[in-house]
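Labels for the chains are A, B, C and D, by order of writing; each one numbers its residues from 1.
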Amino acid sequence: MGLGIDHRNKMAKRAAAEITNGMIVNLGIGIPSLVPNHLPDEIQVIFHAENGITGIGPSPEIGTEDANLCNAGGLPVTLKEGGSYCDSTIAFGMIRRGLLDMTILGALQVNEEGDLANWIVPGKKVPGMGGAIELAQKSKKVVVLMNHTDKNGKSKIAAKCSLPLTSPKCVNLIITDLAVIEVTEQGLLLKEVFSPYSIEDVIHSTDCQLTIAENVIWHEE
Amino acid sequence: MVKPFNKKTSFDKIKHLFTNEMTIMYGGFGGIGTPPGLIDVILDSGAENLHLIGNDTGFPDIGIGKIVCAGRAKSIITSHIGSNPVAGQLMTEGKLDIEFSPQGILAERIRAGGVGIPAILSDIGTENSFIANHKPKVKLENTEYLIETALTADISIVYAKQADPYGNLIYDKSARNTNPLVAMAGEITIAEVEEIVPVGKLHPDQIVTPGVFVDYIVVSEGVNWKWVWE
Amino acid sequence: MVKPFNKKTSFDKIKHLFTNEMTIMYGGFGGIGTPPGLIDVILDSGAENLHLIGNDTGFPDIGIGKIVCAGRAKSIITSHIGSNPVAGQLMTEGKLDIEFSPQGILAERIRAGGVGIPAILSDIGTENSFIANHKPKVKLENTEYLIETALTADISIVYAKQADPYGNLIYDKSARNTNPLVAMAGEITIAEVEEIVPVGKLHPDQIVTPGVFVDYIVVSEGVNWKWVWE
Amino acid sequence: MGLGIDHRNKMAKRAAAEITNGMIVNLGIGIPSLVPNHLPDEIQVIFHAENGITGIGPSPEIGTEDANLCNAGGLPVTLKEGGSYCDSTIAFGMIRRGLLDMTILGALQVNEEGDLANWIVPGKKVPGMGGAIELAQKSKKVVVLMNHTDKNGKSKIAAKCSLPLTSPKCVNLIITDLAVIEVTEQGLLLKEVFSPYSIEDVIHSTDCQLTIAENVIWHEE
């Protein structure tokens, strides 16, 4: 069961709401790449890519793509006025130096301490970590966008990650097709639920303890 | 380092440089910026059991992916193979030895090789056993760091927008990516470029790779990358 | 990191940023490329017991030399003080603590601080007791290397040719020298520039320092360096 | 007793003869800066400076200097066509990477093993090492240009350096106002003598063993 475009955009829109004026933000491949479509015009933000772009603009019109201008996922992009190119060491220099206010990325598993697993399924799929370790370890805020459960219906939010970790204790916020969950010192805090799901649905689909916020926000479809 | 003052040559004339068992480092990120003509020259050369170093394994038909899929690589140091399923398959079959390095650290290791620094210390992935386990470590003021050693290659291949006959290079947009780093780290560096311009045409403030790092220049017959990552 | 999208300010408005005991890193080489207006602002600010980091100590009346000669510096990490006799005199009198670093290694340590690398290993000066004695060392494949730690500063001051309001910088000829490195290594980075141009005027391939590393831009009233090294 | 301009140019001219076509060469301050004046036109060479210049050209005409274009000694220079600018890490990257064919620099002392002392006179003068360690340690060939004796008439070529070393076992060739001496595995080899000095003058002015080459070359004034 994949996520329909509506679910994807719902999640991307919610992630976009985390972005405030002046932020420097890195977007992973997949659902995170939809985030810019949901940003209000008045928000000025600098999108960063590991392959050496500071200031990514909207996707180009079909037919106007530039083969030499792609994001870290290899998809054609544009550059905003005031943007610039650099080599990968400088792009990662920005990351390690702590200049990234937020990274929004996908995950295979997240646990209640905010550990992130997103680079390997032993014996099955070994894509490699790419820049995920650096982004997860060094960004001021790490937002995960992922399905709440895997294709077998198993929760991707667990007490302990069964998959090898990308980076421990790095995730701040989890946005799934069901809910928005914050990683706090006291564990996971369920803050928002997407209609038509209920708090009980979320608890049922989550493989670890959830604290329920005092005022859970309800997102109507 | 070969040092004629006119470094322009042809694909044919450099084919003999590629030999079995050598280490080849390639510029590019997701195939974009990996010199397509030089990849074909390596294939033509027949060189095998190659040791590769580069950001990722490209796609099966783009970038370094073609070398990997032809079974010419014995090992690779890289950060990502997700866009080339054949790389993962060869690894699983024990036919390709892969060392994964965090992407930015890999870039720094290549740069370190290029500027003659033996290694860097890193706090990236210190708690990730796949990264940290086999690496030397050192403690500095009570924090343990990984020692990430410099990488160099027998031959570096890069893609650039323009070169002058001295080998000065400038790059185009995000096709720059790892190319300026790789350009410094080869014992021999070969640049495939869109265009060779006369000496003096490149503005000296705008040159990204000074020609002293470059040995050969070949003119590209065009790039073959496209947008198919996902 | 302060992040307005218009980073232009005036010398007066940033004077309060300079305070006693802070670490200040400065671009420039032999005075050339050290922002003269910002040096005067530091003098005006009254800040003292400063910890300085930079390539050399300039001349008594040029570059960082003015700060040193005014007795405002408590310590300095540098590679050369030969052009500023006052620096040597203050050192001899025990009034200025100087740590000498090989020039290229100093530049790499500043860069390491700028790109978030904790340290580099070095084989430069391993047999020179003045360099090696107080440094941590590590053995790698039977060779002992020095661990040269990264350098950062509370404030970095740099000189550039042009900036746009986002803080993107380009440099002019050899006045580039250490400036792009210093620009990355400050918690706060202030650029003194010959000219501020509109956003979009600088070519994105030609920008050397991306604006995300820069917090404030001031327009220079002109440079004061001349040719008096020998 | 300083060196007259003739002596300086004589030494610079001899150093220039070490340079062959296509070399990348770094010149120190002082006498080494005179070397380019003695290079034949047909020799193409790339002069390198630590502050980030590859391809230094001749000194500018008076009145045409550019304040932003100086060599590592702070003196105004020009850039040859095909030259380029970089930051100091890349300039030193060229040095450490072994791309410099030759460095020509001054010295306070050199000993029979080719140890170089040129950065500090304890208690007297402490200029600092600048880029000398890297240049001496990593250049393919290190040529020292210096007075044969100091102002007290004491030999600057010794069995052991009394001054702190810049770098051990790095000097390949010593050119003084008296002679040209090669550093070999077997010690110092006197190869050339400048008129009006004699082999005996050189031996007398040198504070360690000299082997005399089979055919000492005589440079007439």
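Note that contacts are C-beta pairs under 8 Å (C-beta built on N, C-alpha and C of every residue); 3 or more make two chains touch, one makes a residue touch a chain.
Keep in mind that what you see is a predicted model, and the values were worked out from it rather than measured.
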| remark: Between C-D and A-C, more contacting C-beta pairs sit at C-D
| query | Could you state the distance in Å from the CA-based centre of chain C to that of chain D? | reply | 29
| Euclidean distance of C-alpha centroids - chain A vs chain D, Å | 58
| Which integer distance in Å separates the CA centroid of chain B from that of chain D? | 37
| query | Touching two or more other chains, which residues of chain C qualify? | reply | 108, 115, 117, 123, 171-173, 176, 204-205
| query | Which positions in chain A touch two or more other chains at once? | reply | 79, 85-86, 89, 92-93, 95-96
| query | Think of each chain as a node with edges to the chains it touches; is that a line, ring, star, complete or other? | reply | other
| message | Going by the touch definition at the top, which pairs of chains touch each other? | response | A-B, A-C, B-C, B-D, C-D
| task | Sort out for me which residues of chain B touch chain D in the complex. | result | 1, 3-5, 114-117, 164-166, 168, 184, 199-200, 202, 204-205, 207, 210-213
| note | Residue positions on chain B within touch of chain C in the complex are 108, 112, 115, 117-123, 136, 138, 140, 143, 145, 147, 149, 170-173, 176, 204-206
| remark: Counting only contacts in the complex, chain A reaches chain B at residues 29-30, 49-53, 65-76, 79, 85-89, 91-93, 95-96, 120, 125-131, 133-134, 137, 164-168
| field | Residue ranges of chain D in contact with chain B within the complex | value | 22-24, 44, 46, 48, 54-55, 79, 81-86, 89-90, 92-99, 138
| Residues of chain B that touch chain A when the two form their complex | 29-33, 55-56, 78-83, 88, 91, 98, 100, 102-105, 107-108, 111, 123-125, 127-131, 161, 171-181, 208, 223, 225-230
